[in-house]
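Labels A, B, C and D are assigned to the chains in the order they are written; within every chain, residues are numbered from 1.
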Amino acid sequence: MKKLNVGVIGCGFMGRAHSNAFRTVTNFFDLPYQPILKTICARKGERARSFADKWGYESVETDWRKLVESPGVELIDIASPNDTHAEIAIAAAKAGKMVMCEKPLGRNPAESEAMVKAVEDAGVANMVWYNYRRVPAVMLAKQLMDEGRLGRIFHYRTVFLQDWTISQDVPQGGEALWRLDASVAGSGVTGDLLAHNIDTAMWLNGPIDEVTAMIETFIKSRKHTITGKEEPVRIDDASAFLARFQNGSLATFEATRYARGHKALYTFEINGEHASIIWDLHDLHRLQYFEHRDEGRLRGWRSIHITDGDHPYMKHWWVPGLQIGYEHSFIHQAADFLSGLDGGAAAAPTFREALLTDYVTDAVLQSAANRSWVKVRAG
Amino acid sequence: MKKLNVGVIGCGFMGRAHSNAFRTVTNFFDLPYQPILKTICARKGERARSFADKWGYESVETDWRKLVESPGVELIDIASPNDTHAEIAIAAAKAGKMVMCEKPLGRNPAESEAMVKAVEDAGVANMVWYNYRRVPAVMLAKQLMDEGRLGRIFHYRTVFLQDWTISQDVPQGGEALWRLDASVAGSGVTGDLLAHNIDTAMWLNGPIDEVTAMIETFIKSRKHTITGKEEPVRIDDASAFLARFQNGSLATFEATRYARGHKALYTFEINGEHASIIWDLHDLHRLQYFEHRDEGRLRGWRSIHITDGDHPYMKHWWVPGLQIGYEHSFIHQAADFLSGLDGGAAAAPTFREALLTDYVTDAVLQSAANRSWVKVRAG
Amino acid sequence: MKKLNVGVIGCGFMGRAHSNAFRTVTNFFDLPYQPILKTICARKGERARSFADKWGYESVETDWRKLVESPGVELIDIASPNDTHAEIAIAAAKAGKMVMCEKPLGRNPAESEAMVKAVEDAGVANMVWYNYRRVPAVMLAKQLMDEGRLGRIFHYRTVFLQDWTISQDVPQGGEALWRLDASVAGSGVTGDLLAHNIDTAMWLNGPIDEVTAMIETFIKSRKHTITGKEEPVRIDDASAFLARFQNGSLATFEATRYARGHKALYTFEINGEHASIIWDLHDLHRLQYFEHRDEGRLRGWRSIHITDGDHPYMKHWWVPGLQIGYEHSFIHQAADFLSGLDGGAAAAPTFREALLTDYVTDAVLQSAANRSWVKVRAG
Amino acid sequence: MKKLNVGVIGCGFMGRAHSNAFRTVTNFFDLPYQPILKTICARKGERARSFADKWGYESVETDWRKLVESPGVELIDIASPNDTHAEIAIAAAKAGKMVMCEKPLGRNPAESEAMVKAVEDAGVANMVWYNYRRVPAVMLAKQLMDEGRLGRIFHYRTVFLQDWTISQDVPQGGEALWRLDASVAGSGVTGDLLAHNIDTAMWLNGPIDEVTAMIETFIKSRKHTITGKEEPVRIDDASAFLARFQNGSLATFEATRYARGHKALYTFEINGEHASIIWDLHDLHRLQYFEHRDEGRLRGWRSIHITDGDHPYMKHWWVPGLQIGYEHSFIHQAADFLSGLDGGAAAAPTFREALLTDYVTDAVLQSAANRSWVKVRAG
């Protein structure tokens, strides 16, 4: 097993999820490469040091430019806020490093296109962390779609519902709350949540042709943690759109942080001629499946407990009946990336594929602004 | 359609359920007989009068002996408390009437045996209202068992959970609360609730061979509504037993009125070699079904919504997706009884079949008293 | 109890549901009026005769004009296809009869407005059968909304999913399939299914301000049962729209007959500042409720089994734990109508209130045609 | 953070689960000790070597006696089959090592008692891996019980259902299938599965007073993988018992490997005067909770998604809505053990506490043999 030296930028929520994936993946998967936690990079040295101790990083860096240039690092993993993605990724690619990037790619298509160009010009391996594709139940849905089990697709229906910003007392900006600051995040739930819905949807059901959308900001101003002042909120708190896929199916998409009672309720449902599928992040280890070809009086939605050895990824874990959790999706994505490095298939989504999601979120925001149907730019 | 004159005794909860069944059944089913609500009988004339007005009974009677002798009544339906079942049923049979009786048959096997003898000596049609057999989902379970779809049966698991007597303030005895008075009811949850579990279980899975049981009375004394005094509670508040069926399968049975949060949670589960079934009265219009012969990665418990035309009884009701409720089980039982009258199959359970349930409840009470395994008397 | 002579027009699915409601309502509710099933009216005499026998109608009529003029009938109930609603309702009102009408009111706002005018000019009692308001769980949702328990409302989310027309082999037109014939039905799922979603939504959450919609016809031509020829399908098979309510909340609506696995999955969800509600027609006797004011570590979606005496309408039925079904919603609506007749509150929705739903469905169809946001006409 | 050198014996299913716990625990928890994966011990050197590579063990050992004597190892963790537990644990204690042992403690009370004596005589830290106590939902149940939230307890109901041995083709014995060989395992589902049910039950609800049980071996002989011959099966395939707790509550327990459709369905339900709890291993990140003190019309079973920061252990993981899985229960148990080492509370269950579970399983097997109620030995 060859070593692969990794430098991770960012030690927040995603920095932990990625570190855990790199550190654990070879315990469960047989891979050509073992990731080595070489360097953790964060603006504040103390925070980086403490993180390095906790996760076993060999060294600490506070300037990402130095990390990117460091000869000892082969892979740059970007887990920092959205406004840093483009600059870092482009520099890393230019330095000849492999690049992994948290989603969304850039804050807007212009940034994202520059990032795609950079990694493709440099010819470096690249991937975006749309981790939900690697939840075993979601991967099983993909298998069923690819096998044509559902027949002609009529409907796609998906939401991502949260409730953590309902209170006026939640401030915006700063380390923990940059997702509420449009200058850092790019957009609100459209880029943060709907990007996941869109990535999965196009992966499963093909390109989206056109959309009509509405967005809303329910709480108009919040105290900014950096300026200390009450400032206008410029992100979208909620975003919903209707869409038509190229295959003729219809879709509804919705995301919000104002759905009381839901913490991270990412769900999707696909209705086909012969069968239908429902998945739900709050019970991510189950897939609901309806098979019209079952005997009539015994047809019913099957609640499939995705813990058997013949379910995607599951033979690497425990025994039937014993479920895995959220962080495993990152471990699976790391495994797929590493196993594809030596001439294998590139782990999807690459930057180029992820750019397509940004085209959709951009069309959504445009449509909401223009109050009209908007055609999605082709890849 | 011939008329069938019915006299109902008792105008409590069951009097209403039976009256509704008789009054409604021919609106939905094509039958050789139409029941006519001839006479309602209750001890208190005023109550009977009011009930007659509400349900359209032609006449009222306060003395069941007169009703039983009345030439204008062809069918006697007993919906009065348990301590009246034997006497009425025997008199009705002797008078040559058809007899329907609420469950359980008698308060003990001696009463029940006399009732069986009476209806068989008289050669009159007879039936006991174990209504849950006619819930469409339960009837579908019966079809699957009879077809051998489950293969060899290993386990039967059933409970009936309520919580309405937890408070010390609930009194015992009298019109509404005779179920807490052992002299009227015979026993507590064993005869009131477990009788349902046992009836369904033997119908689906065959005879029970032996049992070991425990019972408990959590609240030892309650005010009696008739005497006005605090008196010992002599019924069982909770009853549980292990059993072995003649087919070699094992079972657990449990009923209680002290299961906080459950109102009438009658459930059963059957595990067979090839398939399993779960049903639950709180969602009575669904059957859970697991089919091991399904493709491995797509196996899951199917939640079958029992509202299609090919589900038992359902073509008589609405359209797919639209559920029916509790009282429909009585309507179905009435339909089966009426359609079997002219030389068709007698509607089960007859008195003789229902007696077998009493043998089991009797063995349960004996076992609890003796702290030993008890063999169930054969039919 | 006074008698109220009812003439019902139509003996299909809705004719049965209404007949059952009229025939049964006084068995369970104490009311000032008892409906008498006076006359059933259907174009084919034989069919009407057979229906009259089954339900106990006193007489039969094949010409609705004669029924409407009949002095023996006080209430005309319209349960015939949509293309007959306006003409009958207007004639009945002119004849001074009370009028009940199946939903939707007319095939388009012009018809509906004429109907409203007719009943208001005549000053006759009137009501539209949007029966789902009277499902006890839905009525409980209404209580919670009216009490302000949810606080500010952010989101409304509703679908009505069926799958019965997926096959190309399903023909259009004629007695059973007039819902697929645009000239009879007016529209497809927009008027047939979304009308229910919209009625409930505005009743619970107030007026809808504007919409943007898309519709689709997946199967473009079907054999017509009357002409015998393959003819274009002119109804909408699927319809979805985004909406803004006047209270500032956002909504998504969707209906289809191409959602494999769903028979009549009418669901709605409301997210408020303090609490949220979910309801689902496939388990209509439950309400899901999330209360943010519960203690933090014990917050969870409550699955409320709507069978207790303090739940709307339920004290009229059985005992806790025992569920009712679909047809009970019609019985409740009949009860409310009858109890409001003598100076009580008119049972909602009246024709005038139901017209508002037609304004929304009309805006939906316009928006889908124009590919633009459309403002809903005010009431 | 001090280092703690660990030697693990056994590299099967449990060897992996423990190794993962030791290797990961300090990434997520702040602890006084960091476990170091010093030595893995297994009978076959090649297997141990491969396991060491995968998990990063520093060295390999094939003779557990040498490991136990090794001065470089401070903690011996026993993850080998049941027939090795007693001998290893006693030797390790004598050598002054801390000892962790997979459940059940010994194959019978005599072995277990000797183990308790050994660790207590040596005064070494000790713990048994009854991991399910540390599932966050189960720990929340413990908090609620300890706070008296449920009031007087009436019922405890628990099962552990699997289906992996239904086929006659499954052999017995050897590395993977020693659980079917009585000489290695001690008993069948009673020691393997019910031990979990019993441990949790007594931890939550106090001592069990007496039991009456039945056991069954459905498949009487199986091929033995070591001898190659068809040999009698001497373990119990299924085991069920009734019990009375010292606090007066009643219980049913059942475990089987013949419940088609269930893989590892460990569930428990507790009914108290004021509230009830249900938990289920197949959705381990949820707790069902019914609170009778809620407002009447809004009472319902709450499905609590155990992913918030105020739920036990969860602040160490991700963000609300994101679930963890099976292996985390081991990580939590390791964290509790390590944090209790320096004068803190010993992590339960110690060997002494786990012995009480063996007394119950022993009483169960005796009762099944004698067909009588058996009093459980006191601790």
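Keep in mind that, in the parts below, contacts are C-beta pairs under 8 Å (C-beta built on N, C-alpha and C of every residue); 3 or more make two chains touch, one makes a residue touch a chain.
Because the structure is a prediction, the values reported are computed rather than measured.
With steps allowed only between chains in touch, the distance from subunit B over to subunit C comes to 1.
Each chain's centre was taken as the mean of its CA atoms, and the one lying most distant from subunit A is B. Rounded to a whole number, the gap between the C-alpha centres of subunit A and subunit C is 42 angstrom.
Subunit A and subunit B have Cα centroids separated by 55 Å.
Looking at subunit C, residues 262, 299, 301, 305, 308 sit in touch with two or more other chains.
Across the complex, subunit A meets subunit B through its residues 140, 286-287, 289, 291, 294, 296-305, 308, 310-311. Residues 13, 17, 19-20, 23-24, 26-27, 54-55, 162, 164, 262-265, 281-285, 305, 307-308, 317-328 of subunit A touch subunit D in their complex. The touching residues of subunit A, when paired with subunit C in their complex, are 150, 154-155, 157, 159, 161, 163, 166, 212-214, 216, 218, 238, 240-242, 244, 248, 250, 252, 254, 256, 258-262, 271-276, 290, 292, 299, 301, 371-373.
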